[in-house]
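We just call them A, B, C, D, E and F in the order they show up, numbering each chain from 1.
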Amino acid sequence: MTENAKHWTHLDSEGQAKMVDVSDKAPTWREARARGQVRMAKETLERILEGTVAKGNVFNTARLAGIMAAKKTWDLIPLCHPLPLASVEVFLQPEPELPGVRIEARTKTFDRTGVEMEAMVAVTHAALTIYDMCKALDRSMVLENIRLTHKSGGRSGTFEAEEAPNLS
Amino acid sequence: MTENAKHWTHLDSEGQAKMVDVSDKAPTWREARARGQVRMAKETLERILEGTVAKGNVFNTARLAGIMAAKKTWDLIPLCHPLPLASVEVFLQPEPELPGVRIEARTKTFDRTGVEMEAMVAVTHAALTIYDMCKALDRSMVLENIRLTHKSGGRSGTFEAEEAPNLS
Amino acid sequence: MTENAKHWTHLDSEGQAKMVDVSDKAPTWREARARGQVRMAKETLERILEGTVAKGNVFNTARLAGIMAAKKTWDLIPLCHPLPLASVEVFLQPEPELPGVRIEARTKTFDRTGVEMEAMVAVTHAALTIYDMCKALDRSMVLENIRLTHKSGGRSGTFEAEEAPNLS
Amino acid sequence: MTENAKHWTHLDSEGQAKMVDVSDKAPTWREARARGQVRMAKETLERILEGTVAKGNVFNTARLAGIMAAKKTWDLIPLCHPLPLASVEVFLQPEPELPGVRIEARTKTFDRTGVEMEAMVAVTHAALTIYDMCKALDRSMVLENIRLTHKSGGRSGTFEAEEAPNLS
Amino acid sequence: MTENAKHWTHLDSEGQAKMVDVSDKAPTWREARARGQVRMAKETLERILEGTVAKGNVFNTARLAGIMAAKKTWDLIPLCHPLPLASVEVFLQPEPELPGVRIEARTKTFDRTGVEMEAMVAVTHAALTIYDMCKALDRSMVLENIRLTHKSGGRSGTFEAEEAPNLS
Amino acid sequence: MTENAKHWTHLDSEGQAKMVDVSDKAPTWREARARGQVRMAKETLERILEGTVAKGNVFNTARLAGIMAAKKTWDLIPLCHPLPLASVEVFLQPEPELPGVRIEARTKTFDRTGVEMEAMVAVTHAALTIYDMCKALDRSMVLENIRLTHKSGGRSGTFEAEEAPNLS
């Protein structure tokens, strides 16, 4: 065998995808919050709130979809680490002025790396599920403004999005 | 056993979640396209284009994440049917004026139900993967404007978003 | 290479696990129904019906769990084939005399093999989810009487359990 | 943004599904045992014991199905946490008087939450696999008496089902 | 939106990963066979044949692992299509002269694309499982000579490896 | 219930598959390395290096496939434990004299059991993905010499394959 460390290292430095090695980080409590929204026709929101969408209760299904997808983040996002999730919460709020539905997810873990992606995945899958359940009524819905609003724990410290996150 | 059809039907009409029964639909060719974008700092886009993001080549990884997630749509979206995907394509385009990355996904199947959710899932997971790979540089990225732009095949006919979809 | 067909065949005839080869069967419409129940304390059923179980709405969550698990039957049961499920329905009914909850699942596919296991898996996972959500209140719940009640389509013809299945 | 904590909390108190936040619990060793049985025709049990079931060795396959499903509990039961399973054991015993097969599963973890569901899932999937492998012979088999028989570790203390669990 | 087809096409022609679009292919019966082997110490093979490996029956477990992994090929190999597998068979044969175990897998589908990867995945996972079960005895085992031996059906015609595949 | 510990133990001692109980082991840092290669036609390797394989960039896709599969090892190999992977790296090196591609994977965890199988799975799936992407050009590629080259941490101590592993 003629290869040596230099060759492999060289290849790897060319921008090849890799999971970050977190073995030198200490496990600490880490939390994250993400938000997003689904904008839709006024009539679509009314149908959700009346509970007359043919596929069933939209909020219950979207909340569960968000929680369940968060647990699969390590499988969905190629370079994420598997994490022992201590908590995932998904909140949904109808917003008549949008009109649409606002979504917030909050995640916690005790590990060597953060749970931001788990929160982002939870919001996204709750939003996709709202889209799926209502698409027969309204194909023009838009998933938007999906972003991290808070992150704490870990070496990079706390991140707080500029919008005041007024949810306790 | 004392239950009867009326009881079960009653429960079911209260808005309980259900998969649509597609057994009375004929299999036909069905296509869908969805789009979205990740808005980011100008410097973040430059790092992606230079290929100096620490986690590796962002476009390659995001494209694969979108394709692979599309194949799991049935598992991620609670009321989606499993589908024999004939094609999934994910396109990524840097957009300096955004600044950010535009994403388009195109899906095809021959089945009794549509592939809209597969296209939406592909766009979303490509976007989430971009977020994951660049978040150490820029936690304020936003996933936005994720929507269906085209759908054809099936009983509900063709849907074309109002924006002119100028991609062949 | 010295092995030959006889050796392999011999090994295989020793009772080794195998998926049935369905390539000589024609695809036809196939349906199945399964039933089961979760027996519990009277107070547990009351809490479910009042909607005061701490983990949330039990019926919604159990129904979704049943639907979603049915789609994974091919992955859970080692020798099952992957199937294009056209429909999965899960019905839940509180039964004060049990006391407990009765569960029925109905499945349909157009394929070369039957959907009995998908219906059995749906009932079982709805039942397991009821157990999970209520176990802090009542660890003595029992999952029972989980059985196939109907099967039609395919070479082996129609099966109807002896109990009169009075649900249309 | 006009939403506030009250709105979200209100929604959440309406009985919406949620994972329990276990971040205030200490990791401890936790164990669980569950049992159940598959009742079947006398001839079916004989075929299993003779090793002449067409799909292969029933006990080996069912045992592996139980172990493998236990590892997926977090994915199958919507509100379960992912757990680092330290041990899963599945025991099967032919019972000519039933006639049928008794199943016991034993699980262990070191975590902030219990392993009861993993034991219940192992029993259930071993039972479903027995059903699948023998259903061409006997569609009237019944999965029954699936229950938790023991649980220890964690704040809620030890649970022992009333039946004397005489297995060490 | 200013992007146009040329931009996207350009990006895509740079060698970016994509699933082949199979929508212009007709579904036909397709079969594949793959083979491989695990070379090991003579004593390790003896332990397998005596049935005294601590983790249990090696052949049964490896065969099931191969079958179950073949069903997940679409999820494991990024650019593979999901396929309705009609048959997966895994054969294992002890080979004292190697010394080791030979593995053959045979797969069938009726679809627009081939089942070669499913056969390769089945062989590989049976081999990995043999490695896992025996590694406490022998860490120097080698997985080798894993290759496609036969493929038929589809536009590219029949492929037969040069070695005479003398198994019917 | 008449069964007792002896019966169950007896059954279990007959060589039935089981996960090793690791609850009496202490969590420690554990590392593993595995290697393998894909031998192919000289022209196939040239096409990979030119970047003209129709399915896209082979090295990027294979590397990601290896990383992603390693995270699923617990699901693929029946008796493996779920592990919190701290690091997975996959290195690929073209080897004109082979001709073909050499693959190395390196894994780390802090747990009660080793990460050898994760390294073996990463190498194998990178190799399978190379096969998949190039098979339209060359169906005679062979996956070979897949073996563990290094293991450290845990009660069984350090293992170093006889070949000098000259990669740091």
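Here is the rule we go by: a residue touches a chain if its C-beta (ideal position, glycine included) is under 8 Å from a C-beta of that chain, and two chains touch if they have at least 3 such contacts.
Just so we're on the same page, UniProt names per chain: A, B, C, D, E, F = Cyclic pyranopterin monophosphate synthase.
None of the values given here were measured: they were computed from a predicted structure.
Student: By label order, what chains touch chain A and chain F together?
Tutor: B, D
Student: Report the chain pair from B-F, A-F or C-D that duplicates the A-C interface, where duplication means over half of the contact pairs agree by residue number.
Tutor: B-F
Student: Just how much do you need to spin chain C so its Cα atoms sit on those of chain D, in degrees to the nearest 5?
Tutor: It works out to 180 degrees.
Student: Just curious, how far off is chain E from chain A if you go by their C-alpha centres, in Å?
Tutor: 34
Student: Between chain A and chain D, what's the gap in Å when you average each chain's C-alpha atoms?
Tutor: Going by mean C-alpha positions, chain A sits 30 Å from chain D.
Student: Quick one: chain D and chain E, Cα centre-to-centre, how many Å?
Tutor: Roughly 31 Å, centre to centre.
Student: Roughly how many whole angstrom separate the Cα centroids of chain E and chain F?
Tutor: Whole-Å distance between the two chain centres: 15.
Student: Of all residues in chain C, which are in touch with two or more distinct other chains?
Tutor: Those would be 16-18, 20, 57, 60-61, 64, 68, 72, 78-79, 82-84.
Student: Applying that definition of touch, give me each pair of chains that meets it.
Tutor: A-B, A-C, A-D, A-F, B-C, B-E, B-F, C-D, C-E, D-E, D-F, E-F
Student: Considering the complex alone, what residue numbers of chain E touch chain C?
Tutor: Answer in residue numbers: 29, 59-60, 63-64, 67-68, 71-72, 82-89, 91-93, 95, 102, 104, 108, 110, 163, 166-168.
Student: State the interface residues of chain A toward chain C in the complex, per the touch definition above.
Tutor: Residue list for chain A touching chain C: 57, 60-61, 64, 68.
Student: Flag every residue of chain F that touches chain E in the complex, lowest number first.
Tutor: The touching residues are 14-18, 20, 36, 51-57, 60-61, 64-65, 68-69, 72, 76-80, 116-117, 120-121, 124-125, 128-129, 131-133, 135-136, 139-148, 151, 156, 159, 161-162.
Student: Residue numbers of chain F touching chain D in their complex, please.
Tutor: The touching residues are 1-5, 7-8, 11-12, 16-23, 74-75, 78-79, 81-84, 111-112.
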